[in-house]
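Listed after this line are the structures, all set down as structure tokens.
The following pair of complexes shares a single chain, subunit A, combined with subunit B in the former and subunit C in the latter.
Take a look at the complex of A and B:
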């Protein structure tokens, strides 16, 4: 009987830890935030966890924001960081390599790797897939005076993402085939 | 002296006449009792009315407080919701912009390394 109580007490004590760990999994994973924030002349940080996304979705227009609403309802979190620097050289290739290493696991697959030879611009898109379904996306876009990170946790439909692209005054995202056509001209 | 006696007699006669016991008019006691009861009722009505007025005022104040509190809560929720919505839109805008700039770069410089 005493063992049973001990087991129950142990499980009860471990539950909050497990919940905290589960929440941490969807947190923004980049470790260099403090350093980059200190060096940036201007930065934007957006942290939206599942509860915040659900809350926000109640205040979105059912028609006007339908695409965005439909997309965020399924997500666990959206984390965005943009850093603007006064001059180039505020981050190193080693910094970017350290960030990339965090996604070089079996869960994450690099979908796009676009690294310029002179280091003027680097772009990476990593996708977390499971059973053919995209469950996460990490975007790194590095320019001499700008660094952008986007981390989306949860099931992502690329069509939804593309649909959203056309809704913010940003040109609609093109398919890879269109990109190839454009690049080969 | 004779006048004095005459006056005294008159006074005595008046007194005797005045002090003769006369029966009260019919229904006098009933009327007195009815007037007393009516007066008591008039005095107690404002107190009762005042009591109900106070209760009604208290209820109205409570309703006003609850309504104001609810309205304030709703207003705060709406402001927080609009802020959250703006954050979502900003996040999606940056995401879309970043992806688009990557794709634009790929259009300008064909993909060097990519895994499907």
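Take a look at the complex of A and C:
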């Protein structure tokens, strides 16, 4: 009986370690991070893995933010990188192409490609789908002096997605009517 | 009365012991900064007692507080606080926020889930001052504390004006 109790206590003590190791598998997948960080004048990185999202959800309103809470409780992680540069030309078209190539696989599909002719603003959204379900999302926004990446890992309900905009470093999403009336970014 | 004073003595005696395990990682980082930049940290006296007060005031939402401050510390652009924390805190700690500004300011937060608590290690460098803070937060209890302003007001004796929500 005593041995059984000790075994249960040992397993219970080890569970958080196993969970922590499992969470480390869903890391931010982008290459060139070190190079971009070295070139950036301002750099911001936000990492929210499953445990951190669960922690953050405590501070969201149970009624008002119900959709966002429901969504983030299912996610594996939200990762945001923002690089601001002193001057244009600190990253090349080849750098962007290398990053985009990482998401040109059978799992990932480009959903939005909005590239300006003069290169003043490029936006790409890639979705990871499996069996009709969205299991990941990557957003790339490139401006001459700024690069932004948002990577969301886990099941995503598009209806709930706008709810997490403005939280955890994820930019607030805007619809076309907002854009037409000059809504905030 | 005798019980209250005995309890206070026990709490005071336990404070360093309670903070000991969590303090090891904190002391390691403080020591690393002191050695690397040849500066001395300013510690807050009776931090163990402050930590216990914070625990009580936040209804168990905050515990294990450690604070150290370094004045007149100059970090170069190559000095990476995030790397220093990663090296000294070791496995199990993950970067939560890393922010580096062109003017040299750096904000770094590392976290480690620990049961019901989220351990946080915060390093903030700006204006030649580096502040290191280490604490354990319980999200659920903090939320309960923040959502109960009446109870909070009673325990903190807020003024009538400051009780008004913005």
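Here is the rule we go by: the second predicted complex is superposed on the first by the 135 of 185 C-alpha atoms of A that agree within 3 Å, B and C clash if a C-alpha of one lies under 4 Å from a C-alpha of the other, contacts with A are read in each partner's own complex, and residues count from 1 in each chain.
Keep this in mind: contacts are C-beta pairs under 8 Å (C-beta built on N, C-alpha and C of every residue); 3 or more make two chains touch, one makes a residue touch a chain.
Computed from a predicted structure; not experimentally measured.
In the superposition on chain A, the chain among subunit B and subunit C reaching more residues of subunit A is B.
Legend: residue contacts after superposition of the two complexes on their common chain; A:72 is shown touching subunit B, with no touch to subunit C. Shared-chain residue A:58: touches subunit B and subunit C both. When both complexes are overlaid on chain A, the residue A:46 reaches subunit B and subunit C alike. Shared contact residues of subunit A with subunit B and subunit C: 44, 46, 48, 52, 55-59.
Residues 16, 19-20, 24, 40-49, 51-52, 54-59, 84, 86 of subunit A are the ones that touch subunit C when the two sit in their complex. Against subunit B, in their complex, subunit A makes its touches with residues 44, 46, 48, 52-53, 55-60, 65, 68, 71-72, 78-80, 82, 109-116, 121, 123, 125, 139, 141, 148, 150, 152, 161, 164-165, 168, 170-171, 173-174, 179-180, 182-184.
Of all residues in subunit B, those touching subunit A in their complex are 78, 80-82, 84-85, 87-103, 105-116. The residues of subunit C lying in touch with subunit A in their complex are 92, 94-102, 111, 113-115, 118, 137, 139-140, 142-143, 146.
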